[in-house]
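As structure tokens, the structure follows; a few thoughts come after it.
When the chains are written out, they are named A, B and C in that same order, and each has its own residue count from 1.
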Amino acid sequence: MSDYVRNLWYMAAWENEVPDHGVLARRLLDAPWAIYRLGDGSYAMLADRCPHRFVPLSRGKRVGDMLQCGYHGLGFGADGRCAHTPFATAVPDAQVATRPIVARHGALWFWPGDAALADPALIPDFSFVTDGAEVVCESLLMDAGYQFITDNLMDLSHAEFLHVETFGVNGSLFGGKHSVETDDTGGIWNKWDMVDAKAPEWAKPMLPPGTNTDQKMHIRWHAPASMALFIELTRDDTGQPLVPPMANPHIITPATATTSHYFYTREPGDAAKAMALKVFLEEDEPMIQAAEAGLDGQEFWAARPLILASDAGAVRVRRRLMQLRKREAAEPALQPA
Amino acid sequence: MSDYVRNLWYMAAWENEVPDHGVLARRLLDAPWAIYRLGDGSYAMLADRCPHRFVPLSRGKRVGDMLQCGYHGLGFGADGRCAHTPFATAVPDAQVATRPIVARHGALWFWPGDAALADPALIPDFSFVTDGAEVVCESLLMDAGYQFITDNLMDLSHAEFLHVETFGVNGSLFGGKHSVETDDTGGIWNKWDMVDAKAPEWAKPMLPPGTNTDQKMHIRWHAPASMALFIELTRDDTGQPLVPPMANPHIITPATATTSHYFYTREPGDAAKAMALKVFLEEDEPMIQAAEAGLDGQEFWAARPLILASDAGAVRVRRRLMQLRKREAAEPALQPA
Amino acid sequence: MSDYVRNLWYMAAWENEVPDHGVLARRLLDAPWAIYRLGDGSYAMLADRCPHRFVPLSRGKRVGDMLQCGYHGLGFGADGRCAHTPFATAVPDAQVATRPIVARHGALWFWPGDAALADPALIPDFSFVTDGAEVVCESLLMDAGYQFITDNLMDLSHAEFLHVETFGVNGSLFGGKHSVETDDTGGIWNKWDMVDAKAPEWAKPMLPPGTNTDQKMHIRWHAPASMALFIELTRDDTGQPLVPPMANPHIITPATATTSHYFYTREPGDAAKAMALKVFLEEDEPMIQAAEAGLDGQEFWAARPLILASDAGAVRVRRRLMQLRKREAAEPALQPA
């Protein structure tokens, strides 16, 4: 069975990661891809491997909407057809694979499965990325498998141990109400709702002494690992928001089975950048890697993890993914060329 | 067949390697362990892997005699039982593995086999470590398998090539009498006895011109790789010791099949430290690694090594270890959980 | 089937790579070898692995024409026989493998197959290395398999993309005549002949304005990967050479299946050295590695490369090598001890 569900939209990149007249070379789901912007503003996604001598086309150069190989000069159009040879011979009959790729709310989404099923209406809603205050859209490559990163995010209680200082949390989560819900877009929600809870340290100056807060920490998952985190903090006495509601994408796309692109946004400025990198690379990544390494090659369920009530969201996500993978394994027609 | 004999005492650490209120995380026999000192001065040794999400407990913190996981907060006592949860739920019914661990003569010894057989009287005698002059107890991780390090030590003739300058040897060993003996503690002794031999360079100023020495270089092995080196140097004419008899532990414990903890002592001071590291890391380690690499994956005996008379001690040790491993392979009841 | 044809002369080193009173340790065809110059000026090639404890003999020292192991002191002569022991015992009956090795035109050639077949007359002709102007003989270790380096050299059209700036090429090759020939020494020639072609940029100052050139770029291959490149540039109007004909060795010997010794010559001087390293390590090597990596472990033909007319030479070489390997696989008697 494949490590990946194929018939889904995966995020390939932020639009701003594609250089203006160049090519973004990126490994996605274990294969190399070349992504570039066409003259008309749309995007092309070609298998990044020349069929002649197998080198990445992205090592060559753009010639209009064509990619020309940097080894012996064959050129390929946005449709993957060979369209140019430097030799005094006919253009060879050759083709590289392509994938549907769509820009939506600052992100590029591709469909690694049967192209006929690639309906853009199925892209999960991340409109908050472009509809709210200005944010910086960035990504990093995390040396961890996407399911372990998902486990981390779908159990927000980890913040009470890993992010105590960076987030200023104070244990209020453990007094909250935990629930798991699904919605009709295929989303799975893991929710913590805290009523009359001690405010985080950074919020105290914004409150009269002794005033508590109501807090919501809700995270939404769509297959395979496209998550959105929603946080609200209101005064317990007046019900007024202390800060505007926060929404953050945490969108994970496998580079390989054990490395993942982590797409996120942050506020502008160097301090916010440093904070994001500290949280992701110094606090989260080493622990996520430790969780994966702790299996020592065993399959997750075969290792018989101790399941806590707080794992309900993460467990439901792992089961959903397993169902999707099994369903595709039973339908080879869904696999692309 | 396992790479390791299980029903033996292995050295886990020097006592001084365990931080006062912290945890020593160490890989021993291919598994991660957390070792810490309890309030009553005794020691605990827990499998360093939380049963919830499999991360090392040593990444968390000590809370009294309990280890609390740094990912989601479960706590485990010295007996390995789960004793704490931060959530508003019952403490889960969970257990991590433990091993018997005993302090003796500055070292901690653990028993990876059947705990019912762990008799401290079987720990080999290294009382000279704490009974003699003050020494510094240290360890290093050598990137070589424990049997190859043992081969190196059980054939002291290597000093005549690898340690000529550091030890001031001068070939006198080749004129000595070589013998191999066993004792009733399971020890195997490889002995070189040199009579009327040229003194080493460093000892000449302590002797009248033309005076020779009698020398003993005896090394004692106990399974799996706990060795003690005894050296004596006396005036050939008077029989008086030139220097006090020397005794040094060379205790090797596998971290993995190809990496080993090397426990040693040295005299205090920076010069002695530099000398020890030069001998172990610049002289011994590269050659031991070369011996292992030279097999290119072949089993040692399958490679049909040329056997010299001087190999008698090393060969007897390899055979003894093979017998012990075969015996355990035939008795699965001896394996721990 | 072996990765290597055994009954062939392979280049082991330039003579100047063998230190005067020392030993050249080099991995060749997946095995470690010790090469040194004897008192009479001829050469010895011994398996670089002591039969006692398997460490490289090259870690020891030369004692006349003998190599003495640096671990426990056994000595071996140029014929591979054990000839010395430091112990008070008989010299052991032991032998390390040797290979025929012959100096020819500044290079050392060895025969990894049946020594009885090692006829020096079969060494390909590289007399131009020592018969022409003074050159510097050097080698580098390229992290690529020898067949991929051969592919690169046997299709010189790559220069029009990889070496445009370093070689000053201008596309004239694409207007040339391409042919592939064999000769009666087992050589395969890939030839590009350009008539009335635009001169390269660097040659223009040597020509009256508007004068074109005739160009020859011929590369000759002998199994396994010993290549010679011949370049001629003449005035189209007078037929006079613009520069003396150039001849360059590109001799490739596998260190392992995926790493190769690349033997080349260059003009004296720092600029020529920098240019050579730029061409080999910055322009060629990354692309050759990309071609190998692009197979992702697949066998070359199984990956069904697109074949262009310009590949004719490279394809013929791959087929010849395959025939040679198949022939040897069918004749185990040709394998050495």
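The definition used in the following text is that a residue touches a chain if its C-beta (ideal position, glycine included) is under 8 Å from a C-beta of that chain, and two chains touch if they have at least 3 such contacts.
Treat the numbers as computed from the prediction; the structure is a model and nothing was measured.
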For the sequence-identical pair chain B and chain C, determine the rotation angle of the Cα superposition and round it to the nearest 5 degrees.
120
Classification of the chain A:chain C interface as same or different, half of numbers criterion
different
Taking each chain's centre as the mean of its CA atoms, how far is chain A from chain C in angstrom?
47
Residues of chain B engaged with two or more neighbouring chains:
none
Seen from chain A, its contact residues with chain C in the complex are 49-56, 59-60, 69-74, 85-89, 92, 94
In the complex, chain C touches chain A at residues 151, 155, 157-158, 160-162, 171, 174-175, 287, 290-291, 294-295, 303, 305-306, 308-310
